[in-house]
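Here the structure comes first, spelled out in structure tokens, and everything after it is commentary.
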Amino acid sequence: MQISARNQLKGKVTSVNLGSVMAEVVIALPDGQEIVSAITRNSAESLNLKAGDEVLAIVKSTEVMIGKQ
Amino acid sequence: MQISARNQLKGKVTSVNLGSVMAEVVIALPDGQEIVSAITRNSAESLNLKAGDEVLAIVKSTEVMIGKQ
Amino acid sequence: MQISARNQLKGKVTSVNLGSVMAEVVIALPDGQEIVSAITRNSAESLNLKAGDEVLAIVKSTEVMIGKQ
Amino acid sequence: MQISARNQLKGKVTSVNLGSVMAEVVIALPDGQEIVSAITRNSAESLNLKAGDEVLAIVKSTEVMIGKQ
Amino acid sequence: MQISARNQLKGKVTSVNLGSVMAEVVIALPDGQEIVSAITRNSAESLNLKAGDEVLAIVKSTEVMIGKQ
Amino acid sequence: MQISARNQLKGKVTSVNLGSVMAEVVIALPDGQEIVSAITRNSAESLNLKAGDEVLAIVKSTEVMIGKQ
């Protein structure tokens, strides 16, 4: 399946922190920058996410803001 | 000012496409991956965004999904 | 690939309206309810979306509000 | 009141899971498909959401992605 | 109908700019601060939005970031 | 740094509620209206948010819906 979300960045999970409803997942990009994702705990468990997993961080383009000095 | 958005990825603008209300901005990350941002045309003009600008792509962590093979 | 977005509703595209930067896509669910999606024109063209296509409408759970009488 | 969100799908709450800050609400559509919503616990309590409630799942069109085989 | 979105700010429309797919609506709050909304043109037309309208600017709490000096 | 998010409302934090993964922050605007923000606990702690802080509530315009009577 191809999805419309324009941003699909390859990275590796470095940590998964499970809360009661939500989970926080940290992903390292190849260039060393980090991405943090907050998804439901049920999603994290359904994907069986754990440190070391190769994943995509997926973001719809309408969710990306820009900062400039 | 420090902002709560956890994801602030450094990159360089490679193109800006202005529509009537919205604008599409493409940003290259240092590792070669690309990020696409859809913001209002007024925002793009207010920041005077143009190819070559060093910018941050800013994403709230609740907007980041995860894909896994 | 499995993605973390919890909502992946099966439906059929009924119309695609292309603007300069954005596109509006209307999807009919099997129960007759409609879903409207606003994505970038580039995404719509990349997926070659057209009326009659069988698609999934994908929504992250943090984007779903609830209304109650 | 009429709201601009284009997607207002009728369904019935099947479960409510309250965390410390967030809550997860599952809604069944008439066609059997399910929608998961992550809202604040305070919102869930303010609406007094419980299984069996007839509700609307409300999603802004800019939050809807599309997947295609 | 009561909706789960925690932020429903009263204001007055000061301008509506219609594009081909999207529309930009500017709303003035009572304290003089402004809110900009990007919705589909179809939504703006369906609500018949025009300058002077008393409206609510509605935002899900998961969409609100915080900036601090 | 200037950011593209069009909505940057000045207010004062009135409460911070920390959960395991997420946090809920309530902000009072000068006109007395309230804004609720759900961010990650790590973000709230990183900004050292506490009641009385002068902050900006930042919202991307594509996240703002409109309600009209």
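Side notes on the structure shown:
Going by the order they are written in, the chains are A, B, C, D, E and F; count residues from 1 in each one.
We adopt the following convention: a residue touches a chain if its C-beta (ideal position, glycine included) is under 8 Å from a C-beta of that chain, and two chains touch if they have at least 3 such contacts.
Protein names from UniProt, one per chain: A, B, C, D, E, F = Transporter.
As the structure is a prediction and not an experimental result, all values here were calculated from the model.
Shared contact partners of subunit C and subunit E, listed by label, are B, D. The minimum number of touch steps separating subunit E from subunit F is 1. At the far end from subunit B, in terms of centres built from Cα atoms, lies D.
Taking the mean of the C-alpha atoms as each chain's centre, subunit C and subunit D sit 16 Å apart. Per-chain Cα centroids separate subunit C from subunit F by 29 Å. One finds 22 Å separating the Cα centroids of subunit B and subunit C. For subunit E, the set of residues touching two or more other chains reads 1-6, 19-22, 24, 36-40, 42-43, 47, 56, 58, 60-63, 65-69.
Pairwise chain contacts present here: A-B, A-C, A-D, A-F, B-C, B-E, B-F, C-D, C-E, D-E, D-F, E-F [touch as defined].
On the side of subunit E, the complex with subunit D involves touching residues 1-6, 37-40, 42-44, 46-47, 56, 58, 60-62.
The touching residues of subunit B, when paired with subunit C in their complex, are 17-24, 36, 38, 62-63, 65-69. Residues 5-10, 24-25, 27, 29-31, 33-39, 43, 47, 49, 53-69 of subunit D touch subunit C in their complex.
On the subunit E side of its complex with subunit C, the touching residues are 1-5, 19-22, 40, 42, 60, 62.
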